[in-house]
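Next, two complexes with chain A in common: one pairs it with chain B, the other with chain C.
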Partner chain A sequence: MLRYPDRLGEISRSSYPTALYCEAVTGSRSPFGPEDPEVILPLPAGMGQRLAQRSDQWPWSVYLRVLPPAGGWMSAGLLEALADLVERRGAGLLHLACGGTWEIYTTPEEALALVGELNALGLDVGSTGDDLRCVVACAGPARCDEALVDAPALATYLARRFLDEQQYPALPRKCKPAVAGCGHDCVRAAHRDLALIGVKRPREGRGVTLVVGGKYGARSGGCPRPARVLVPFVPVAGEEDYRVVGDLWERFLDVWSRLAGNRERVGDFLDRLGRDRILREMGWDDRGDLA
Partner chain B sequence: MATWPEPGGEPVLPAGLVADFREQLPSFLREHYGKWVGHDHPGPGLVRHLAADGAECWTLRLHLPPGGVLSSSTLRLLARWIREYALVGRRTSRQGFELVGVDPARLPALMEEVHLAGLLPGGTGPTLHQVKACVGFLHCQNALVDSPGIARVLGEVLLPLARDGLPAPLRISVAGCPNDCGGAHGADLGLMGTYRRGPSVRLYTGGRAGLHPRLGWAREYLPAEPPDYPGVVEHVVDLVEAWRAGAACGERLGDWLDRAEEREEAREKP
Partner chain C sequence: MGRQGGASGPAPPGDGRLSGLNPEQRAVLDYVLGYYRQHGHTPNLRTLVNEMGLDKKRVYALFPGNPIRRICQLTGLPMPPEC
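Let's look at the complex of A and B:
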């Protein structure tokens, strides 16, 4: 009989307290309590904490959120380096999180040294709190025959340009970005806050559609909703066009930061102001140029 | 009360690094960058990409344990498979894993190793894709149900159903609470943890992204009873069996359900 892979096998091969988890499953109750509000973490973003209710089993867990290479690409060397790192300085686990990042569970004592070792591998942490989250992308033209734009390359450009936004939380609310290479949308860009989807038009060639305001969660009175088109077409033939796309993101983040209500997420902001007002504030005119 | 170690010396700031994915790519993929012209599915979990110059790139996609938490030994195992059988790895946007650039001649040996390791090739084409889940009780204070556990149970009961093929791809996502990190709203069949006379999940169907996005349609509440979740399993298996029997080829679960309900409504009208 075929068995579906099981998380229990993974945690039993780590220093994670399996008993804590199994008790939680049996009792249908999360073993983790609220965060300790008095703790000030030493990094502005990329780090979080979980307090277990059974402190005898797992006193205090810090997690690091790592910004991975775009497109999900991982060489054997990278996997081995990560395995070594999480074993020496973490709980021995790497979490491939749904949002596209990696999370590493560790202790307060090891956390900063672990960040230092990640930096030595060319990786960095970020993407927690009210900031721009990790810029996720699909596999891209390295292996995909359907790609209309080079999603991971564009995502890497945007991640570099907006790195401060990912590492210093200063936006009204979290903003989850994504770049999809074509309308198949393998990364579900159309469900995220600020996203680009590759498109091809008969006379204008290849480009991206800017869609904004998608979200799943139902917090602060808002409700889940798919993203809507803000700018239908921005031509992207190659790397030389990435700057304009970045300018659009910059203008949008500016307008949102300036006019958003208290902790208002992009989707709710779009509902309140409307597309036309946002485009006007961004200085995006009918000819499709930035004023 | 938790205490953070005393800070010493220099203030800590982010280093400000962004990794370049191109450094992860092997020379074969760099040489064929943007040159792929088509692909097909030679078998379960297999994708064969074809380049204009006749080159082929075989990918083996694997189901990973739902929840996406991997031990260091699994990471090393994946790394070894890349070194011995393939060129590079890739985590998919559904928490699966792909071995890219697999040597087709060595595929049987690789398959053998994958089965021995308890991982599972699959998740391509019209069949069961990686059952995705948020981290749930493993590391989250908000979780109302253990999403990785529910996802694994569903994966297990649906594997035999999906073995002979399904009408269309079936993407299942399980989220532990209404924050929906797991993406229940974005899947063909989503389950989202909630609380309703005890821990429960709410069923969502028909979520999709792309240029015509839509979120999953909220449906029944089902009781979530660990560790086997019989209420969830029974309902989901019935739904998938009915879809498999009644759907047209290529018809996604959400679309079929909408159509079936429209028919039902039409019948009820006099």
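Let's look at the complex of A and C:
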């Protein structure tokens, strides 16, 4: 008889302390504390430490966030290599996290060696703290007949161009990006801080819409808000147009970094300044041209 | 606005706190102190990198972990307003 896989079944086959999970469910308060900003970790981003009140049960307090290939594919060879790595140096558990990264739980002693082995596999870590998080993308034309732009290719270009932004935090707050190949938005780009959505216009052809400021989290003021359009259309016919899209991201991140308030997410920043002011700061003149 | 120090900024920290620093680290601290005196608050990391013309990775190498927090600890200056 087929049965839907059970998360406890997976977790209990690893070194993850299942008792702590049970305590989190049944206890009056979570055994997990906040992330400790005072902990000086050897990497600026990509490595975090989740503190637990029950340190006796939680030896796997360090986690790594692996930046996956855009689109989320993993070959059987890579899957096998990761499985071996996670078993040898981690808790024997790989978490395909909601944010798009692959999380590995490990110990402080193993963490750096694990990153070294990830590097040897062509992977790296990032996407923690106040930085540009992992650039997620839908499968695009590799799997979809609706795709208007090659979302994984564009996301790969952006992830490589902004790799430092993902690994060396210097933004006012976290910024979650995404690239959707078309308006169906399977990757939920409209939930994200900085995103592109593939569009097609009758006379102008294919391109992307730049949307910013999606905010659905606990601090969204009780009113989840989708991202709003900042630039309605940027032509993207092929790889030669990716640079212009990247320039827009760069200008936006610079303006947000320069003018953001106290730990202000992109959505709140957009509410406060308004679209027109942000576009002017990005270099748009009154005629709609970009300086 | 800053949480401590007047418009002219706090006095430079004593040599005890700075004794282990190299000239490159001292240059960054001097810049941040000057910025504070001029603007009344400390710069954020992006401003520091842009205005000093430094590579962000270099700043992380000089002040591991959270560079701005580390710089503020060393100088005694408050964290930037947006942090």
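Here is the rule we use: the second predicted complex is superposed on the first by the 267 of 291 C-alpha atoms of A that agree within 3 Å, B and C clash if a C-alpha of one lies under 4 Å from a C-alpha of the other, contacts with A are read in each partner's own complex, and residues count from 1 in each chain.
Please note the rule applied: contacts are C-beta pairs under 8 Å (C-beta built on N, C-alpha and C of every residue); 3 or more make two chains touch, one makes a residue touch a chain.
Since we're looking at a predicted model, the values are computed, not measured.
Engineer: Tell me which partner A:C134 touches in the superposition: chain B (first), chain C (second), both or neither.
Structural biologist: In the superposition, A:C134 contacts neither chain B nor chain C.
Engineer: Which partner reaches more residues of chain A, chain B or chain C?
Structural biologist: On the superposition, B touches more of the residues of chain A.
Engineer: Between chain B (first) and chain C (second), which does A:V208 come into contact with in this model arrangement: first, second, both, or neither?
Structural biologist: Once the two structures are laid over each other on A, A:V208 reaches no partner at all.
Engineer: Name the contact category of A:N119: first (chain B only), second (chain C only), both, or neither.
Structural biologist: Only chain B; A:N119 stays clear of chain C.
Engineer: Applying the document's definition of touch, where does A:E264 land relative to chain B and chain C: first, second, both, or neither?
Structural biologist: second
Engineer: Using the superposition on chain A described above, determine whether A:P42 touches chain B (first), chain C (second), both, or neither.
Structural biologist: It touches chain B and chain C both.
Engineer: Touching A:P172 in the superposition: chain B (first), chain C (second), both, neither?
Structural biologist: In the superposition, A:P172 contacts chain C only.
Engineer: Applying the touch criterion given at the start, work out whether A:A76 contacts chain B, chain C, both or neither, answering first, second, both or neither.
Structural biologist: first
Engineer: Where on chain A do the contacts from chain B and from chain C line up?
Structural biologist: 40-42, 44, 164, 168
Engineer: Which of the residues in chain B come into contact with chain A in the complex?
Structural biologist: Those residues of chain B that touch chain A are 1-5, 7, 12-26, 29-30, 32-34, 36-39, 49-50, 57, 59, 63-76, 78-80, 82-83, 88-93, 95, 100, 118-120, 131-132, 134-146, 148-149, 152, 155-156, 159-160, 163, 175, 178-186, 198-199, 207, 209-211, 213-215, 224, 226-227.
Engineer: Given the complex with chain A, which residues does chain C contribute to the contact?
Structural biologist: Contacts found on chain C: 44-47, 49, 56-57, 60, 64-66, 69, 81-83.
Engineer: Sort out for me which residues of chain A touch chain C in the complex.
Structural biologist: Interface residues on chain A, with respect to chain C: 37, 40-42, 44, 164, 168-172, 254, 257-258, 260-264.
Engineer: Under the stated contact criterion, what part of chain A meets chain B in this complex?
Structural biologist: So the residues of chain A touching chain B come out as 2-7, 9-11, 13-14, 16, 21, 24-26, 28-36, 38-46, 49-51, 59-61, 63, 67-80, 82-84, 86-87, 92-100, 103, 105, 108-109, 112, 115, 119, 122-126, 136, 138-145, 147, 150, 152-153, 156, 159-160, 163-164, 167-168, 180, 183-191, 197, 199, 209, 214, 216-219, 224-227.
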